[in-house]
Each structure stands twice: as C-alpha cells, then as structure tokens.
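One chain, subunit A, links the two complexes that follow: it is found with subunit B in the first and with subunit C in the second.
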Partner chain A sequence: MITKDYIITAAEGIHARPATNLVKLTKNYSSLISIKKGDRTVKLSSLMNILSLGIKGGETISIIIDGEDETSAIIAIDAFFEEELKHL
Partner chain B sequence: MTINGIGVSPGITIGKASLLKKQEAALSGVVLANDADITIEIEKFNNAVALSVQDVETMINSYDQSQGKEGLEILETHIELLTDPQISEDVTEKISKEKKNANDAVIEVIADAVQLFTNMEDEYLSARAADVQDIGDRLLRNLNSSIPDTTTTYEADTIIIAEDLTPSDTISMDTTHVAGFATQVGGRTSHAAIIATSRGIPAIVGCGITLTEIKDGDLLILDGQSGAIIINPDQNTIDQYRIKQDNLQAQNNLLRSLKDTPATTTDGINIKLFANIGDANDMEQAIGFGAEGSGLLRTELLFMGRDALPDEEEQFEFYKAVALKAKGKPVIVRTLDIGGDKQLPYFNFPAEQNPFLGYRAIRICLDRPDIFIVQLKAILRASTFGRLKIMFPMISNIQEVRAAKVILQQAKDELSKAGITFDKNIPVGIMIEIPSAAITADLLAKEVDFFSIGTNDLCQYTLAVDRMNEQIKELYDPYNPGVLRLIAYVIDQGHKNNVEVGMCGELASDPKATLLLLGMGLTEFSMSAAAIPEIKNIIIHSDLTKAKQIHSHIMEMDSSTAITAYLQEITL
Partner chain C sequence: MRKFLIATHGAFAKGIKSSLDMIIGETDNVFLIQAYLDDHISVEDELATVLTHITADDELVIFTDLLGGSVNNIMIREALKNNVHIVSGFNLPLLIEVIMGDAGTPVTEIIETAIIDGKEQMIYVNKLITQQND
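What follows is the complex of A and B.
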C-alpha cells in the first residue's frame, strides 16, 4: 500500500474538469485508489465523491493506493498533481 | 416594466420571449413485490444509464468546436457523473433494500446529491448541483420515455426565459436563433453563465420570481451588461437600444482589433500596458487582452487559504509557472503584502488599533527574515525562466529598502553557494504608496531600479481616509490636488534619476486619468487585464504635447470636482 500527501496548489481547488481527468486516470489501474481529506476517505473512481470533499486550494489531501499495479499508479498520480493541476 | 438580474454575459439583444417549461418526473410510491421485480428495475436503471451516456456522446460528437471548449468539458464531466459508481451503488441499494422502483430511486439519490452540493460553501461547487440535476433529469427521461426532451428549434431572435437552464439545455441550445436568455436562479459561476460568455450571447441570471411576469411572445430588451430586461418597451426605447446595440458592437470590434496594436501615442511615444495578476492563469488571460507584461504579481494568493507557509519549492513552482506563461515578458513580483486586513490563519498577528498603520507587508518581512528569505530565494530561482523583477511593498524610508536588499543579497549568496543559477541582475524596485516615500522619491531613487505607484494606499494615507468607511468615502478621492501633486512629483523624480516609474493602482485603469498621467510623463500603466483595450484606445488617439498642456492646466486647479469635470469633458 502506498500513501502520499499532496498540497493542492491551484487556488480554486479540485474542480469538475481536473476531477474528471483524475477519475479517468484511475480507471487505467486495477489497484484500489482512495482519496482522503480530513477524516473522510472516498474512492477515487467516483467523481461525485471527489467533488463532495469540496477540496479547496492550499488544502492537503492524501492518496492511498493498494493493489498490484500501485507503483505505476502512483507515478501517474504524481504526474497528474505535479503538472495538470498546477496549470489550470 | 423592467426586471433586474445579474448580467453575466454582456451585449444587448432585442427579441421575442419563449418560455421554457419542464415536465418534472414524480415519485410513484411503488413498492416492489419480489426479487424478480428488483432485478428488472436494476436492469432498467442500467439501461437508462447506457442510453443517457449515448445521448451525451452524440452531443459530444456533433459538438461545434467553434463554440468554445467549455461545453465539451461539461459534457465529459456529465459522462463521468452518469457512470459514477457511487450514484449507481446508491440507486441499486435503494432498489434492492428499500424495494423502490428505478424511477423513485433515481429521484431520491439525485435529490440527496443536489442537496449536498447546494449546501457547499464554495460558490463554484455549489453551482455543480445543476450538473447533478441535469444528469438526473436525463436518466429519468430515459427511464420514462414519456417525458420529452426539451431540445427544440426556435425562430430567429428568440430570448429564452426559464426558471433555470441545465448545462445541457445551454450546450444544445441552437444559438443561431437564440439571441439571449434569462433565468430566475443561478449565479456568475453557473455553467449556463459560462457557456453564454464563451458563445458571446447576452445572458442574465438570478432574476428571481418576477421573471414569471414575462409571457410567451412578449417583446423584450435584454441588456446583459446591466442585467436589465425591459418587457414590451415602447418604440422610443427600442430605438434607443438599437443605437446602443450598434455602438456596443462597433466598440467591441474596435477593442478586439486593438489586441496586437502597440500602445503608441500619435507622436510616437511607446507606452507599456501591463496587467495586475494573481497567478499563472491570470498571466495567460492578460496576454489575450494585449498585456505586454505584468506590473504587479500579487503573491498573497499563495499564502492565503491554507494551514502552513508554502515552502521554497512550492513558491518556486508558482513563480516559475507565471514566468513561463509570460513568455519572456516582464513580470514584477511584489513580495508578501499581508497584515492589516489580510490575515493568515497560521500566522499570529497581534490585535491592532489601526491595522492599516500597523504590522504589515515589508515590516513583517524585515521582522521575520526567516520567512522573507524563502520567498526571495524562490523568486530568484524562478528568474531563470523569464524576466522577473522584485518589488517591496509599504516602504516608508530608505533604511527599509537597504535592509531588504541585504536579505536579498544573502538569498543570492546562499543560492550561489549551492550552485543554483538565477538572474544576477534581477531588477529591484519599491511600491510608492506611503506619502513619506513619495516625498523622498529623489532619495529612494538612488537605491532602486524602479518605482511603482500604488494609488489606492497612497490616496488613503495622504488624505487620512479609511476607504472602507462609508461615512467618509466621499473624501477618498485620487483627484484631490494633493494626491495628484505627489504622483506628478514621483514620476518627475524617477525620470531625473533614471528610475523607471509605473503605476499599479486603480487610477491606472481609469479612462478619465489616462491623458493626465501621460502628461505627467507616466509610461507604464498596470491594471486589470480587461481594462487594457479601453486605455489603449485612448493612448493611440492622444499626443504627448496636448497631454502635457492638460497636466499643466490641471495643476492650477484647486478642486477635484473641477478637475474631474474637466477631464470628463476632454476624454469624451
């Protein structure tokens, strides 16, 4: 299992468009991928769940990945948070 | 009769009203009898999902790219929502455990989700309730084929009047005939508003219940700028608005055509028009408006709305992103300007009697060099990715400038020692926003490469007026001869000492002030990006000789009322 924290740098937080891309990305992996904010953990495969966390810019979230392809999944998620979310 | 709402997409439209009514699906109250029924209802739901996804995919395939990419992105989000495992799980559970039919299960699950979003504090997220409702309506239409889709064709110049418009209503709207729309609910960030702006059709949202006064076929004037809807206007009013409409059109064409025109006066003086920005996005947008750089990057955004100070790496990425988006154009980075009214949750500010005269901006930075040096190192590192300049805010004396430069040197030394590259000659400047700094501009000029006049604070401090105080707001007046003289003095001293002078306060974007500021010798104006075309249009029609005469004339006037009246007259 891999757990990694990210600080959301985009001032507007995670909005519908990046969240949609994040869900699409998750579908490429068989591992169970979850996102945690505060004490709420939800599956990353649900756009509803991600949006319902109401993630704002500057907040810290954790990504938890568990499964066979977790190492390749974390690379893709890293790249997502590093690049995509920053250039919104 | 006139109705007022929030104008979200500017432009004037005159046309006939068409009311959009929705048939709502109702709860049936059916209780499923056995497992076979449960299997059938789950199957029905899955079918409805598949049909709905097909609907949206058809919309995506036939999507006209020239209408802007916003609509496409919304549709892709809708596919994700339709196939969302959480929604599917909740609906299936309601069917199997609570023995509800698919129709009732969908209505309830969607209603809960809509409620969840509506209650969110964040304005943007709360507006997403409309997307959830939209996919819910689509699922229900496909579950009960008796509810017709609302897609219809309209006559030319139709103005749609609706309680609310779902994002797909707006996207599938035939904009060759629909000339505008108005809704009872909604705000600036609703998808309907976003789509209207990207398609350039006038729109008004949030009109409230009075919108029901409008009947099918009523003649309407819709002013997407002011947010006014005039119902069945008389011929005189129609004529007036036709003229307004033509002027607006001509003006828009002109301003758009100015984007790539250099801001040069008729006698050949080049003026720099910069944008005030908050992040890399703003920089990109500003270039679209013809900005030649940024005269003010506010760095507070990076520090606010979070639990801890951003580290050097995070700050570096932020400045780097801006530098890259600026594509070699200059960007003036203002160092941390917090305190006063801008508080940070993780930084303990002492309670103050007069926060605007207190512990803020450079005063905090010089008191806490540990915080300041992190920012300076991050800016220096980012300086290899573009043309960054550093600007210190709230300078009141020369010792502060020297102290800040000592810390900057220390930051440079640390980077050099670590073998990290940066722009060794990065220009350093200060904000002129405190009267003592303005009056000693000749002295300060010896320590810096540039000045930027912050007219908002300069005005407030010079006139001893709290601009937030309603009772005395009349006194807050940048045209007060005292303020104008200070500004003129700073510009003059800058030129005499070979220091560039810019202005990043509100006065820079005030069309009344443009000629006067040109006459004072100002060559760099920084403002909100959207104001650039209008100011540019004034500059390219002005000459410096005339501007100088205007300046001399105004310096002899003793009241701001006379000054503004005169400026108003010559600007028209």
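What follows is the complex of A and C.
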C-alpha cells in the first residue's frame, strides 16, 4: 500500500474537471485508489465522491493506493497533482 | 456495450449534453431525444431510430426529465425490456456518475448509487454555509 500527501496548488481546488480527470486516471489501474481529506476517505472512482470532499486550493489531501499496479499508479498520480492540475 | 439515451421535453437533452461534454469530454454512445421541438417527428419515431442502434447484447440506460411526463411514459411503453433501464428526474451529477460508471460494475448497482449521489448534490447552499459558519 502506498500513501502520499499532496498540497493542492490550484487556486480553484479540485472542481469538476480535475475530479473527472482523476476518475479517468483511476480507470487505468486495477489498484484501489482512494483520496482522504481530514477524517473522510472516499474512492477516486466516483466524481461525486471527490466533489463531496470540497477540496480547496492550499489544502492537503492524501492519496492511498492498494494493489498490484500501485507503483505505476503513483507515478501517474504524482504527474497529476504536481503538473496537470495547474492547467485544469 | 453500455449505451445511453437522454430524452427530455425540448432542448434540455442537448443542453445537458453540452455540460456533460465540457466536464467529462465527448462521450460515445449517447443518444438524444428533444421531444416536441419538431412537430413533424413523433417521439415514438425518434425512439425507434435510436433503438436500431441497440442490440440484444447492449445495455441501454434512458434518462428522462419527468416521472409521469409523456416522454417518460413513451419510453416505458415503447422501449422497456430486460436490457433497458429508465431513470427519471435525472440531474447532471447522476448523469455523470452513470456515464462514467465502471463497465465491469453491474448497471443496476451504478444507477442505484448514482441516484443517491444525485440527490445528495441537491443542497440549499445558503443553509449549508450558515451551518458551517455556526
């Protein structure tokens, strides 16, 4: 299992379009991927789950990946939070 | 294959498809019926055209705007069978959850979860903000 924290650098936080990209990214991996904010953890496979967390710019979230392809999944997640999110 | 039909009174179907495309990108296998916009085409005829694209191996999820409305009634009368699922009173969150649903998860499970999620998105925001500030 891999757990990694990210600070949301995009001012608008995780709104509908970035959340959609996260859901699409999740579909590429068999691992169970979850996102945690505060004491709430939800699966990344649902857009509404992600939006329900109300993640704003500057907040810290954790990504939890558990499965056979977790090592390749975390590389894609890194790329999303560290680069792609700024442009969405 | 899972396919989708958005059937509404007037241009709502086209409008919500525009929102859907903006958020999740262009999606294949989404058909639209904008009922009663053209007096020369009946809803039944439009539906019959859509159904020519649906095989026995496909699953069709139909989203209608109003339970008890004529569009929903026509879908029940003309389209409902084992591989067809009708959801009335849909909203954008519900639509997104069903269309983005995992192909390996049974459609009935996806629809039931999406209805819960769709209802949860209907919030009196002023009240929510007041509660958060208290």
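Details
Definition applied: the second predicted complex is superposed on the first by the 87 of 88 C-alpha atoms of A that agree within 3 Å, B and C clash if a C-alpha of one lies under 4 Å from a C-alpha of the other, contacts with A are read in each partner's own complex, and residues count from 1 in each chain.
As a convention for this text, a contact is a pair of C-beta atoms (placed from the backbone, for glycine too) under 8 Å apart; a residue touches a chain by one contact, two chains touch by 3 or more.
Since the structure is predicted, the reported quantities are computational estimates derived from the model, not experimental observations.
Look at A:Ser46: by the touch rule set out above, it reaches both subunit B and subunit C.
Of the two partner chains, neither subunit B nor subunit C is touched by A:Thr71. Once chain A of one complex is fitted onto chain A of the other, the partner contacts of A:Thr9 are limited to subunit B, with no touch recorded for subunit C.
A simple residue count on subunit A separates subunit B from subunit C, and the partner touching more is B.
Look at A:Thr60: by the touch rule set out above, it reaches subunit B but stays clear of subunit C.
Judged by the touch definition given at the top, the superposed model places A:Arg17 against both subunit B and subunit C. Subunit A residues in contact with subunit B (one complex) as well as with subunit C (other complex) are 16-17, 20, 23-24, 45-49, 51-52. Of all the residues in subunit B, the ones that touch subunit A in their complex are 73-74, 76-77, 80-81, 84-87, 113, 116-117, 120-122, 124-125, 128, 131-132, 278-281, 301, 304-307, 310, 314, 317-318, 321. Interface residues of subunit A facing subunit C in the complex, by the touch rule stated above, are 16-17, 20, 23-24, 27, 45-49, 51-52. Subunit A makes touch with subunit B in their complex at residues 7, 9, 11-13, 15-17, 19-20, 23-24, 42-43, 45-49, 51-52, 54, 56-60, 86-88.
Across the interface of their complex, subunit A is touched by residues 22-25, 93, 96-97, 100, 102, 113-114, 117-118, 120-121 of subunit C.
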